[in-house]
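These notes open a run of structures that come right after.
Consider the two complexes below, in which subunit A is the common component and subunit B and subunit C are the respective partners.
Our next item is the complex of A and B:
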């Protein structure tokens, strides 16, 4: 499915699209744009922590943390099509491993490696059982992770500090750098988070990403092509758990405190809401999801805290109704709407590319934007 | 021994609550092929309606009946105006819709009535009666009996009435059902309504015990889903048996297995699930499904 849309999309859109979009894409093709834009972005990110206020930096860092968590969820759900309600558990697990390691005085590199490994192994074990049942079983099993996780964290108080939680301060700006702590934290989040995003970007565009897309599209087709849906579901879930663990490490970098509440059921649902609203199956959508996760509660809490859940539910349903690709597909949807209104009268056949059919909405559109962006 | 019997009876009563929710989930799944994660949330909303009515001085039984009627309408309206659009599409998207619905319903309850625990009056007295020399609580027996009656009534509706026959036809093959002149869309609304009614009965019966909060049935939903997995999505009887099994086992494990205790008993069904999934992936009573490509 992925390869067919790749070849057919340019062929179908080329004759129907007017001059403006094609000049835009050739603008994007120019070498100085192709190399300059990422460098500009990189430079912007490098300067960013230096210019903002402390609370602005803190908000940005928290966005980074949850963008990584949403990215992990995207690997299993957006790209592989397996609904997971347990992603927050792996964030919480990563945060606890980090806090325990730091309090025990272990080397921070070792702590980071364990923060990747332990959630990945936990995710592997869960997936090995859950992926045996087809369809929605992963959703039905993973919903238990936060619900079992919270009392488990309270019970294992020797490791987790019980209901009080654990705090660990281990990120301080190095001497002589002249940075404040919040700036240094933001740099750490940007670097580690950036690496995770880059690796995931290559993963989902490569061999494994195509296998994930086929498993998502049709499991029977996948197995007839020699791609075991079971194995790739387990793989995707394990990677998602690993990324969740990394986001837990970053969570401790920024928040420096974790408690059983970190992995509550409500937060798990919020993470899923953020992912869908940002854009399922999209790298940029994951960042937008992180922004949504952090910023919207801040705004609604300022208006009326009891409205937060209501607004999130209403927003999610609204997005699913009008913009199934999430916020990341908004510019594309607007462009299509603009293009269609004058052209609709002239030509009899509406200029619909294959990607604009509702069936392939969530899956195909964001991946195509990314392809165009880099091709 | 007396304690053991009490634990089993109490377990059967909580198991019945899970069974009602699980049966509602199976009902919706067989009709529309999706898992409704908002089933518990909708039941909580119904319980709040009953609670508001009792506060207005309406007798409890009438309030619960009114909330049941409200649930039926709520289920039908949600099917028509929300789920209809996603039913024939990608099942994962439909599941996300129900999760959005859960968030929305919980949010509405929290916004209207707050997140504090509210006392819900019990339908049964808090006494105990002596059965074969063992004293067991009236509430547990009453809860179990009412839910069993509700489930039998639903089963009778499906097996013994023309409406039930039509509902089953829609569940088996909506297209053929439409060709033979059945109003498929209206029947789907009825199916959602009946599922919501089952949830509302469970919610009203368990609310005195759990005290009313917007997230009251989140845990029960998890148990119900566990029962659905264990029993197999295709087997209503299996789901009910699995729910009772879970209710009894978690009660026993909480008391007799030191490490589990009352706070971790929610882990019991998932330990069961892990064992069952490894041994029998289609569930205890489910059939293996074969898909034609």
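Our next item is the complex of A and C:
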């Protein structure tokens, strides 16, 4: 397993790995930084809902919803390399299960468990068939999910409310907490979304994450090491569906309404775009993808509401052109730019400046010029 | 090791961004914009002594951008014209100009709800937005926040139910109104008729059929011989048309909302040499976009319903209303071409109806506005056809619930009094 993890390391962690100078990493290894940073983050998140305005909290909550959805997509696509165009279906399924459960007056914990289980089972069933296929064939199977989902939601009007959709306002701040509803909603999103992110973080860093990476890298290599590509593809797809279901629950917490439009095919593509823009195969990239999904329509609306589609397209092209690795690669690109500019001015640049750390060689071609510059 | 660097850097970035967000949030005053703490009688948000702001969330891009753009253009043009004249005198004696803030929701309920959240603190009322799911998405939030969702463009009856929707009012006729109008015309015919029904298998089709059946109930001369449905996602209704043609019906009630399907249904019936009278809903009966390519002139009669004057129709080319409307649309509505969708006219009427409510409201509050809005009776808005009017006092009915039945004359539509 030791050798296998070595093989997989560049492929798995290329997007998240950094070419940071060693001084910075030793700074990060100090104990107070190691423990302080997460604690600071936690404290910041705990205070955040209390200080924001209502619309700020609402925007953050919606970012959380779609960050979780993008995270699910990242598990199957970013980490395991299987193209899925059906993620929005699982979000929609989760939202419908939540709406139906709430309207039927079920216990909310039971509803939550069902919004995890039902999409996961649906995902498992689809994956059992789809994962037998390779490459783009999986994309073709998953593309069918939202396309089938929309008419199905309209047809099963006893469960879904037909094309008029379903409302479920079930998240109200508990009496005596002194919180506004929007603050309570944001707390729910932060806690549930945070747990999902944490679990996924450990999943993709551990044994399963390494297996996913090998399956992504080369299925034959995976088989030769005793890792069944089929099993791990099914597993990744099921987990992605489960996370999609959770994001559907959060969708109902925040939006409180679902209709067949929720799972229309266009949104599945938008999720995919958000994942690529944020950074494929990256936890932080999933959050950035959620930010992109939610904030960009608001920004383009503020610029000119009649040109939103055009502006979004232009922005998408611009980001992919400048940052092919997604927004998550921005700090790395900036650092590289900073390091390159003194080196470019003359040979006076100290040769001790580490220009490339092992592992970053696979990342991008500019490292080649850096090597030449410092040599 | 690589991974460890990456993850710690990730946490670092997240922490820094969280801090940055916190700081920005602290900067912008806490708790501002939360509704529900205004004193009694104090002005509602979005209204001052010299202006009032209205919000619209509607599809301005994507598949429904055409009609969506119209819903903004008409009302913007109307108030642009009124503002240029100096504004509108409100019921409290003050003269105000009316500003419109429109946002694009791409027909996505989630985005519509987000748009509503971002607008509700700044606007006095929401209005004119198009779409059933996009309006439903924030209906309950608007009730909780006590923000008017007035004169919106959806045929969904829930918005016209005062008990369920105290802060809402739909503008356009509900589906049932349209089906009922045609049913009444048919029931008044002196001859006997056999009717075939083809309807879309959703609330749209069901609404039309429900209204039609309630109107022909008890009419001895009308017999429904066959009823079929199709899915909105179907690509062909040839099988249904063939089956209905064999039923021997002389009238087809076609509650269909999909343009290409309507054209192919008309064509298929001609191929089968089946020439019944047709009924088509108002949104799929355009003379140029549907009846010309579909060969509507081949049938003895093609009927539809309407309440707005069609600017393209030669009958209204010299009409004063229509000319004012077209020039304002060009000048103030940012809509230089002749409108391709009736939603432009409807939106113009929304403007006129809102003006009626504004002149009646005695206090600059949302409560007073809703009260004024719900007390309009028999108002003949500009561009309205004779025998139709805006009436908001009837329970369970949208602002416009009367429609007139019209018959295709080869170029446009003429209002008919009886079924020939």
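Going forward, the second predicted complex is superposed on the first by the 299 of 375 C-alpha atoms of A that agree within 3 Å, B and C clash if a C-alpha of one lies under 4 Å from a C-alpha of the other, contacts with A are read in each partner's own complex, and residues count from 1 in each chain.
Basically, a residue touches a chain if its C-beta (ideal position, glycine included) is under 8 Å from a C-beta of that chain, and two chains touch if they have at least 3 such contacts.
Because the structure is a prediction, the values reported are computed rather than measured.
Asker: One more residue to check, A:155. First (subunit B), second (subunit C), both or neither?
Answerer: In the superposed model, A:155 contacts both subunit B and subunit C.
Asker: Look at A:306 in the shared chain and tell me whether it touches subunit B only, subunit C only, both, or neither; answer first, second, both or neither.
Answerer: After superposition on chain A, A:306 lies in contact with both partners, subunit B and subunit C.
Asker: So, A:140: does it touch subunit B (first), subunit C (second), both, or neither?
Answerer: Only subunit B; A:140 stays clear of subunit C.
Asker: Per the contact definition in the header, classify A:167: touching subunit B only (first), subunit C only (second), both, or neither.
Answerer: Touch partner of A:167: subunit C, not subunit B.
Asker: Counting only touches as set out at the top, which of subunit B and subunit C does A:256 meet: first, second, both, neither?
Answerer: Only subunit C; A:256 stays clear of subunit B.
Asker: Now for A:44: first (subunit B), second (subunit C), both, or neither, which partner does it touch?
Answerer: second
Asker: Any idea whether subunit B or subunit C touches more of subunit A?
Answerer: Per-residue touch count on subunit A favours C.
Asker: Under the contact definition given at the top, report the residues of subunit A touching subunit B in one complex and subunit C in the other.
Answerer: The overlap between the subunit B and subunit C interfaces on subunit A comprises residues 151, 154-155, 266, 306-310, 358-359.
Asker: State the interface residues of subunit A toward subunit B in the complex, per the touch definition above.
Answerer: 77, 81-83, 85, 129-130, 132-133, 135-137, 139-141, 143-144, 147-148, 151-152, 154-155, 218, 220-221, 224, 265-266, 269, 272-273, 276, 306-314, 316-317, 320-321, 324, 358-359, 362
Asker: Please give the residue numbers of subunit C that touch subunit A in the complex, ascending.
Answerer: Its residues touching subunit A are 2-3, 5-15, 18-19, 21-22, 25-26, 28-34, 60-62, 69, 102-104, 106-111, 113-115, 117-118, 121, 132-134, 136-141, 144, 156, 158, 201-204, 231-233, 334.
Asker: Which of the residues in subunit A end up touching subunit C in this complex?
Answerer: That would be residues 9-10, 12-13, 16-18, 20, 25, 28-29, 34, 37-38, 40-41, 44-45, 47-48, 50-56, 58-60, 62, 150-151, 154-155, 157, 162-165, 167, 169, 180, 201, 205, 251, 255-262, 264, 266-267, 282-284, 287, 294, 297-298, 300-301, 305-310, 331, 358-359 of subunit A.
Asker: List the residues on subunit B that touch subunit A in their complex, please.
Answerer: 34-35, 37, 82, 85-86, 89-93, 95-97, 99-108, 110-111, 114-115, 214-215, 218-219, 221-222, 225-226, 228-229, 261, 263-264, 266-267, 269-270, 273-274, 277-278, 281-282, 291, 293
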